[in-house]
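The same chain A turns up in both complexes below, where it pairs with chain B and then with chain C.
Right, the complex of A and B next:
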């Protein structure tokens, strides 16, 4: 099922941000990085996590589903593209819909920015910039078989649980064997305002 | 609209563009993906000792405008953030493009012709040497230069300046490892290639922040881990690689030799030594064994501030592994017993028979791109090309013959870089040429360094950006970046790789080679410096190294271009090079034995007392390189890590981001606190890439290792206090009338520390 895609392994990430700089070098959005690099355990450890677009498959691309301008297109190979600049209205619905917090809005341009798996490179058989340069293999591009050949015994997951919803993705995450699919994506608490629940917004 | 046009040349950043924080390219909004005429020039990164391969993208007009990953077998297309952004230096608006001159420091610089700058320099050299003797003029080189240029620095000092006073900034970097290697093995380089790491069963990383200083080496570390190797990291801080290590020994800085003596103590006690290997291949084992007997784990636990069980655990993991390796870097080398610290790691590898096999051995990680090559061919105060000793009459005769001078004309050994600064203070050295170094940021005890340089009657620097040191000089020569000339560097494996020229230098810029040869000609030594360029120098270097341990004779540009790198010793044109040393158990000493050295631990030079009760340790962060003269000008790197900080443990009672005054006996600086449990409670850490008044090296101590003369950067006594406001980070210096490229400097005024030691997370950026 998984073709050639990105595998994210936070256990290998050293937080160096080579991916952030490399993304900026891509000719289709030069000078702007689409990668998120978070230090997830700030103040306690030096742990870090790169986030690229997960290219959600089921439900397919929540960002595209909520786009009022139908600007976010999905190619037959499962790649969820950045919003088409001739259609995007910069409304940020996609930002709110994405369970992984991936899309950003370029406020000056009033356009969405998002990882498209380096379509200009991958469609020519090259790996995306981030996964090409990643010094540690925390971002790996290839097939699951190639990954497992390099890292014997590695387990991956493409299922993430958010409250009652499970999202399956086109980009995979390396997980410890005992934590195989689905990966907890974080609790979505019922929205409260001043300590009172607001069922209308839930 | 003002009607201003964005320049059509995409390699030159337009002044005044907003949105875009990368110098050296068009703003994102104006980028056109139509670089159809581009060529890719294969070369290597200019930064660290890994020497990753990369392509520079050159446009139809012959200008470098980008980078493309290259599948060189050192790095397999991987690059760190410094490497990715390196190309932006080449056509950066801050580049020096005309010689700068002033007759005294009270005047501003003015741009002058090459002829005027060279003539003034020669005049001053002649005057100072006439009035105060030849040795009153000194020269300081650098280890980011190509090997050809490091060779020229040594030859220029001894043949054109005829001074004994020449040294280089590798003195601040690799000399402790070099000293230990020479003492134990009679050869100064890592014993194994990086690829051997993949085959080891136990990897010991000591005082090396691999994830930040050598990011691309991490692939080998994780590769070893994937194959089941045990990973041991010894470091007072939780580095990115230490975080997931099997054993992280967070010892007190300045106690390494006590720790490794104790590890060896346990290895001896538990019978894990390789007695057959020791008997056949070493001398001094009885003395070492007797010395480590005095270091039971309980004693190390007390000195090092780690549990005694951890000593035993490390000893058993290392001693029982079928193949084990030790790799170290500045963490154990920057000490008043730096050489001895390295020797204790060598003792550990040797005593367990871990040498000369795939996956079993020893290595040292060089910090600068040519940290290895830069120390080999004669810019070090006591060495001549081929690692020859300047004190050895036979060696002197050999080099004098190659250089076409009398042996008696060759000056004696000089002094080390820090000692030269002390001599400047005493006015024993009154004139100086600096090439490819920035001691105002990189030397310890800034107040002393500034005083020494201020006392110079004449000071010239070569650089391509105006460094803090160059900004204090009388003459600045604008020279090429690594992408505008060809030459070789030797990486941490002693693999010699070739850098290729990707573009012509900007108008007004010359190669360091041209400047040294031209100065030599004007000093009357022109016939000894008739070099057209790097190629000619390399041929002389090859001949000058032939027959020595550091034999480059079989390495040619042609072979390097065909193979992607050769490892010395390489004595013949058909010789394949020597990636792994000691495969037959023999060292490079005349007796073929490994000379083990017993080591006694002693406390660091700067004593602790009630006023200075804590430990300050200094180091690097991933987005910046050494003195920062290059990386503090590159937008993406400034954005990742805009400013220095002080790392403190939560138990010290500071809030994150709070201004903290860091005080030592030498000075103080106010930095924002990065409060984290990733550091020992009794330690603070400050990164050193920034200049006064936020320089770590205002605080560090100028105490030297008696043998290697390396300064003790990694440990001094400190106290921390609450303060009102953080010290501001100054902009990188620029020539008069020019401002540091504003788009790259935007984040510099951020008063907050980064999110983590590796930088500001993308979610926390403005």
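Right, the complex of A and C next:
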């Protein structure tokens, strides 16, 4: 069941980077931000997309599955943790396997780092740093019912399609209410967006 | 509108929600893979691991028997230690076999050893393997990039434990013996498997250091453990998510071994052996329990860490096969290098082993993956998102 988690609504994101700054304050990776904020079509739209770890549930944590050093722990509450520094060998398998593009790697320190849902806070019932500071509610922490009580008429999805594979996640995205299909993970050969051709795709 | 979130895990039988017959192939879900396409597992990994671990234990027992010259040099007071090393061997080999039976570790294990044992690699770059072993295993340069203090403390623990193991394991197996060179003089001889290695004066500094090697090791370990215990209590990054069994117990075990070991020397030197028997049993119990615990907790990283050398060597040799540009795989969208071609191919094969059907995404850099998803959200989910 979808319990208390992060709900991402890119439609509300104004790209202010408050979440990026707040993430740096998280005790488990102090000084380094684990949230990604991408301007998807920079120069043409102001659209931006915040990305936290989606805490994949099915298949459970592909990053952990491809780790050759058994370094990525998943706790019983479904949180996929950053690599155990004792075990991580810095091979970057997790970085390249994650379909959401979440984990970061420090090659000199041979250490992977990623969002752990601010475990020092969420395990005590507090909201993660990013959701605490987001001024527009693009990052919301709570239950689906709490979100829908605040925002009538929205639905959420925890299913993402990558090619022929559907990935179910512990973190959800806000979708329009009439939408039934899973959220697309992205098309690998995007030819055009909103009627314009996209340069540089494979 | 009362919206309902979809169940995150799909239906219990593994069938994919949201797909319907006639819409083409259903979304690929691991639970829905037909039984006939699953890999044929004729031998269970646990059974194979038990056999190999049992064989390794028998080999060690044989080595103890032979090395101690059919127990002539075996010190019966050290039997519990020797038995613990047999259990340790079984546990470590069993755990190691189970570890490398998982797809990701198995592939990295094969590639790492293939790179290490390749004659071609040795000819082209003879210093690569020893250099990387010294960097990653001996001096642990990567720890310095994480924190200089942690590097220094870990070096103390590492060299302390290593020297203690080198001294004690052969002693408990009856491989090392010390015999008097003559009836009158201070000369001693150190023997391995009954063969004289060297002689020394027991009153010299070398003799003192040799007999107090474990005390010196204990002082080093206590220094390192002290820092890490302080960090476990005070450092906010370390305290997040730490667990007693995984993070504290190994430190407390090393501390107990070191302190009780030093107390044995203290008892001998200053108490005329007072409390020695109790301390000896306490020390033995702490060592035996630690050795038996080694394969299961944080200590197993000692066995896993050489994988870093194999991984690094695998990537290094892949880069050197041709020109760098040819052997690096670039993101198919933005052209930024991702990893060596061999590493990306190895990962994609691992993902296919694991039935993660999106291995093609491994050829895109993390940022492009996020941008592609954002672009799809923009054009397919919420057109107002612009």
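The rule we apply is simple: the second predicted complex is superposed on the first by the 183 of 202 C-alpha atoms of A that agree within 3 Å, B and C clash if a C-alpha of one lies under 4 Å from a C-alpha of the other, contacts with A are read in each partner's own complex, and residues count from 1 in each chain.
Simple rule for what comes next: contacts are C-beta pairs under 8 Å (C-beta built on N, C-alpha and C of every residue); 3 or more make two chains touch, one makes a residue touch a chain.
Here the structure is a predicted model, which is why all the values come from computation and not from measurement.
Taking the superposition on A as described, I'd like to know which of chain B and chain C A:164 touches: first, second, both or neither.
Second partner only.
Quick one: name whichever of chain B and chain C touches more residues of chain A.
Comparing chain B with chain C, the partner touching more chain A residues is C.
Who does A:66 touch here: chain B (first), chain C (second), both, or neither?
second
So, does A:16 touch the first partner chain B, the second partner chain C, both, or neither?
After superposing on A, A:16 lies in contact with chain B but is clear of chain C.
Under the stated touch criterion, which partner chain does A:102 make contact with: chain B (first), chain C (second), both, or neither?
In the superposition, A:102 contacts chain C only.
Give one of first, second, both or neither to describe whether A:146 is in contact with chain B, with chain C, with both, or with none.
neither
Under the stated touch criterion, which partner chain does A:87 make contact with: chain B (first), chain C (second), both, or neither?
second
Overlap the chain B and chain C contact sets on chain A and report the shared residues.
Touching chain B and chain C on chain A: residues 11, 27-30, 36, 38, 45-48, 108-109, 120, 152, 154.
Touching residues of chain C toward chain A in the complex: what are they?
1-10, 16-18, 25, 27-31, 99, 102-105, 107-109, 136, 142-143, 145-146, 236-237, 239-241, 298, 301, 304-305, 307-308, 311, 332-335, 338-339, 343-344, 347, 350-351, 354-382, 384-386
Quick check: in the complex, which residue numbers of chain A touch chain C?
Chain A residues touching chain C: 1-2, 10-11, 27-30, 36, 38, 40-41, 45-49, 51, 57-59, 62, 65-70, 81, 85-87, 89-93, 95-104, 106, 108-111, 116, 119-120, 123, 144, 148, 152-170, 172-173, 175-177, 179-188, 190, 193-194, 198, 200-202.
Write out the stretch or stretches of chain A touching chain B in their complex.
The contact residues of chain A facing chain B are 11-18, 20-22, 24-25, 27-33, 35-39, 42-48, 108-109, 120, 129, 132-137, 150-152, 154.
Would you pull the chain B residues touching chain A in the complex into a rising list?
Those in contact with chain A are residues 19-22, 25-29, 31, 33, 35, 66-67, 69, 77-81, 83-85, 211-212, 215-219, 222, 226-227, 238-241, 243-244, 622-623, 636-637, 640, 650, 656, 675-678, 755-759, 761-763.
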